[in-house]
Amino acid sequence: MELIPFLGAALLFGIGLFALVFKRNLIKIAMGLSIIDSGVNLFLIALGYRSNGIAPIFTTAPVSNAQAAATMVLPAPQALTLTSIVIGLAVSALMLSLAVLLFKHYGSADARKIRGLRE
Amino acid sequence: MISFILQHAPALCLATPLLFAFLTPLADKAGSRVRKAFVFLGILLTALTVFTLAQNVILQGARVYTMGASSPALTLPSGMTLPVRIILEIDAFSALMASLALLVAFFAVVYSFRFMKGNSLGKFYSLFFVMLAGLIGLVFTGDLFTLFVFFEILSISSVALVAYWYKRKKSVEAAFKYLLISSVASLCLLFSIGLLYGEYGLLNIAALAASMRLSFVTMVALGLLLAAFSMKAGAAPMHYWLPDAYGEAPTPITVMLGIATLSSLYALLRVLFTLFGSFSLLPVAGWVLICLGVVSMFVGVTMALKQDDIKRLIAYTAVSQAGFIFVGVGVGLATINSPALFSAFGENALKGGLFHLVNHGIYEALLFFSAGAVIYATGKRRLSSLSGLARKMPFTTVFFLVGAMAIAGIPPMNGFASKILIYESVYRFNPLLTVLALVVSVLTAVPFVKAFSSAFLGPEMAEFKKTKEVPMGMLLGMAVLAVIAVLFGLLPGLVVETIIAPAVNALASQAAYVGVVL
Amino acid sequence: MITFSLNTGPSAWAPLAMAAGIFLMLVVVLALRFFGRKGFRYSKEKAMPFYSGNTVTQEERVRASDFFWGFFEAFKGYYARMRELHSGIVNDYVLWFVIVASLILVSLALGVVLWA
Amino acid sequence: MSGLSKIVKNVASVFIVPGLIFGAYVVAHGHLTPGGGFQGGTIIATTLALLLVAFGEKSFRKAIGKNALAMLESLALFGFIGIAFLGLQSSFFNNFLSNSGSLFGQSVQFGVNEGNINSAGVIPLMNFMVGIEVASGLTIIVIAMYSGWGERK
């Protein structure tokens, strides 16, 4: 099993979480969330990785049937990743729009200033 | 026709709200009357389908519906059989949750016809139906990845609805916080789904449950799922988003958010009892739930005392009531691996937890509806600036009182019936927990004494001279929910035996859930 | 069979009996009221709220923020602490999630060590 | 405010044709190659975003109205769920067109092959619907973000 993609995924997850906890700028928070998203996507892709495998597409497969069956990658993790990318797009679009609106209302993008709701 | 509908009911429950969600913007072009009739038709059809299905499932046992094929399993040319298709699996617990959601959603729609004003309401109802589809999908799905997808659909649409009044700055702030929290929760969910997929190569809940074994990766997945779902269920100390989102959303959406929170609790229970049902770490998970529950009970109720905003006050008591559910369910979970203890008191604790979940959904909706009626009639939400509304709004006063009595657990109401089940069974598990729960239950009455006496009692104020009772459509939902709250309180044995006990059996017997699919 | 009481394990809870009791008390109260003085006439003054014999005006009423001030005085320290925790900063919300998630993972790991 | 310089406008109007064609290609071949409705729709929306940036909001709105896009989005989603409903004779989302010999109904050859676009049943139809939906939805998002909810000026 290749270890590097998993380490990369964990690193991305950690960086994103760090940004969410310690960065006060709303845009940076949105970026942190996207980084976590990429980390999780990389993790899912790494799960489906197979060394010397080929993509599970019959039209472009460069080999014969028997070889294809033996070397093709399982498409399920990639389908999951695609779905999760689409959802991630929706989340970041919504989050950035809300950040723009918040900047208009509060005149600041600092999370420490945007605290009309507390206690 | 009826048998056709029954056969396809699981898919129809999901497809009807989606269909109406996509068509509502078109109906909106034809004017507000057409839109209202169309939306009403949509929610009515969905509710009827869900109730029919729920009755069928509770009477005849769990069932599976496969999307786009006749059976969940795919047989490969090599002869290997794998359950790979997207399935919906409905057992008594999902049926109970879905019926509760539709009961509340139906009245939320009727309420919103008068409550929501403005000209771009097509988008509002469109998002509302998407949220409803997300809710039903989350409750019905039998597949981990679909669970994630519906979880995200639910949170994205509800965030958009919380920010619906985007010109109020607090609404946008609450929506941002809610979105960040729910995205973190769903990314943790996706991460643990990835872990489970890497370990077992499966996504189907039943198939995963059958092959679950103790390992480091599985334990990490369990921990992340537990944390993510309990944050979405509003457990302290991760409850900070809840009063923000509840307080600033339009009232019909606040009520739906309450149901969304309960359905996150559903997902937590489904994962713990069904997915990890044969896991030896369950007592630890049960104790985690109990600890979260006790902290939630205390933090929720003490913070509610201090609130001045009527909706935030109710939201904090909702945190505290979620704590009761956590304690009841946690005791059930902690004893599920030892059949003797489970049948002695664990089952009753679980029954109490689920009964309290249903009751909580009902009286929370009732309270939010009446708080929304006060806001609708007076335009004010600060309790300090309200006084003497009982003379002006007699019906709302009575319904608020019924809700307050139910949430405080005053005897003939439904809240007491479920709380006494929790007290008596938890007492045999650990007496200290019962004492804590009793203290909190007494404390719960206190914020409502404050809210009731400052908003409805006291001298009439000059500025409320022209305040009138809210229109019929808004009172209707409150009236029905109040009657249900009283009836559930008067006939608790009947309710527990007909709808709660099948749900508890469905939740406690993992083998039955697995057996329907494999 | 329709069950009118809720079996809670060691005991049972019969709300209908309680409702019957309440109904009985209501009957007694109404009977007592029936024996009361007949000439009572309703007037608006009789239904007005009073504090210590004085009528309460709009300005003198107890505002919601003044309720239970003794309680808040007694638990001042607790509420100061709670106020600090409910800071309203969105980063703290995530921080608490991280803390609780790691506590849960630690307790599960401890469970593994102690159990198996 | 009427967009960027003349050079940008001309280059954008040249690029839009291959952009749209490529998007349509990705949508149409979704059942044979990587891609499909979402990816193709994103490409189309990107091309439209290029137009928006080059020509400015006013002239873009004149050509493509936000209401029309919203309508198109609803209709496409309705088409998607409608196709899913059509399969209801056996099961929701059932692929009733595949192997039926009609439109997109030729059966797929097993194993490595060069790909037959006239196969896969309802999947290409659903891809079209998703493509239209994603293209119009993303364009609405881009317009909204570009104009800042109409509150600027």
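List of remarks:
Every chain is named by a letter (A, B, C and D) in the order it is written, and numbering of its residues begins at 1.
Keep this in mind: a residue touches a chain if its C-beta (ideal position, glycine included) is under 8 Å from a C-beta of that chain, and two chains touch if they have at least 3 such contacts.
These numbers were taken from a predicted model, which means no experiment stands behind them.
Contact count check for B-D and A-B (C-beta pairs in contact): higher for A-B.
For the pair chain B and chain D, the distance between C-alpha centroids works out to 36 Å. A straight line joining the Cα centres of chain C and chain D is 55 Å long. The mean-CA centres of chain A and chain B are about 28 angstrom from one another, to the nearest whole unit. Centroid to centroid, with C-alpha atoms defining each point, chain A and chain C lie 44 Å apart.
The set of chain D residues touching two or more other chains comprises 149.
Among all residues of chain A, those that touch two or more other chains are 20, 29, 101, 114-117, 119.
Along chain C, residues 82, 86, 88, 90, 94 each make contact with two or more other chains. You'll find the chains touch as A-B, A-C, A-D, B-C, B-D. Across the complex, chain B is touched by residues 2-11, 13, 15-16, 18-19, 22, 48-49, 55-58, 61-65, 67-68, 71-72, 75, 78-79, 82, 85-86, 88, 90, 92-94, 96-97, 99-101, 104-105, 107-112, 115-116 of chain C. Residues of chain B touching chain D in their complex: 8, 11-12, 15, 18-19, 21-23, 25-26, 29, 65-70, 126, 166.
Interface residues of chain D facing chain B in the complex, by the touch rule stated above, are 70-71, 74-75, 77-78, 81-82, 84-85, 87-88, 90-95, 149.
Looking at the complex, you find that chain A touches chain B at residues 13, 20, 26, 29, 33, 36-37, 40, 43-44, 47, 76-77, 80, 83-84, 87, 90-91, 94-95, 98-99, 101-102, 105-106, 114-117, 119. Considering their complex, residues 17, 20-24, 29, 111-112, 114-119 of chain A touch chain C.
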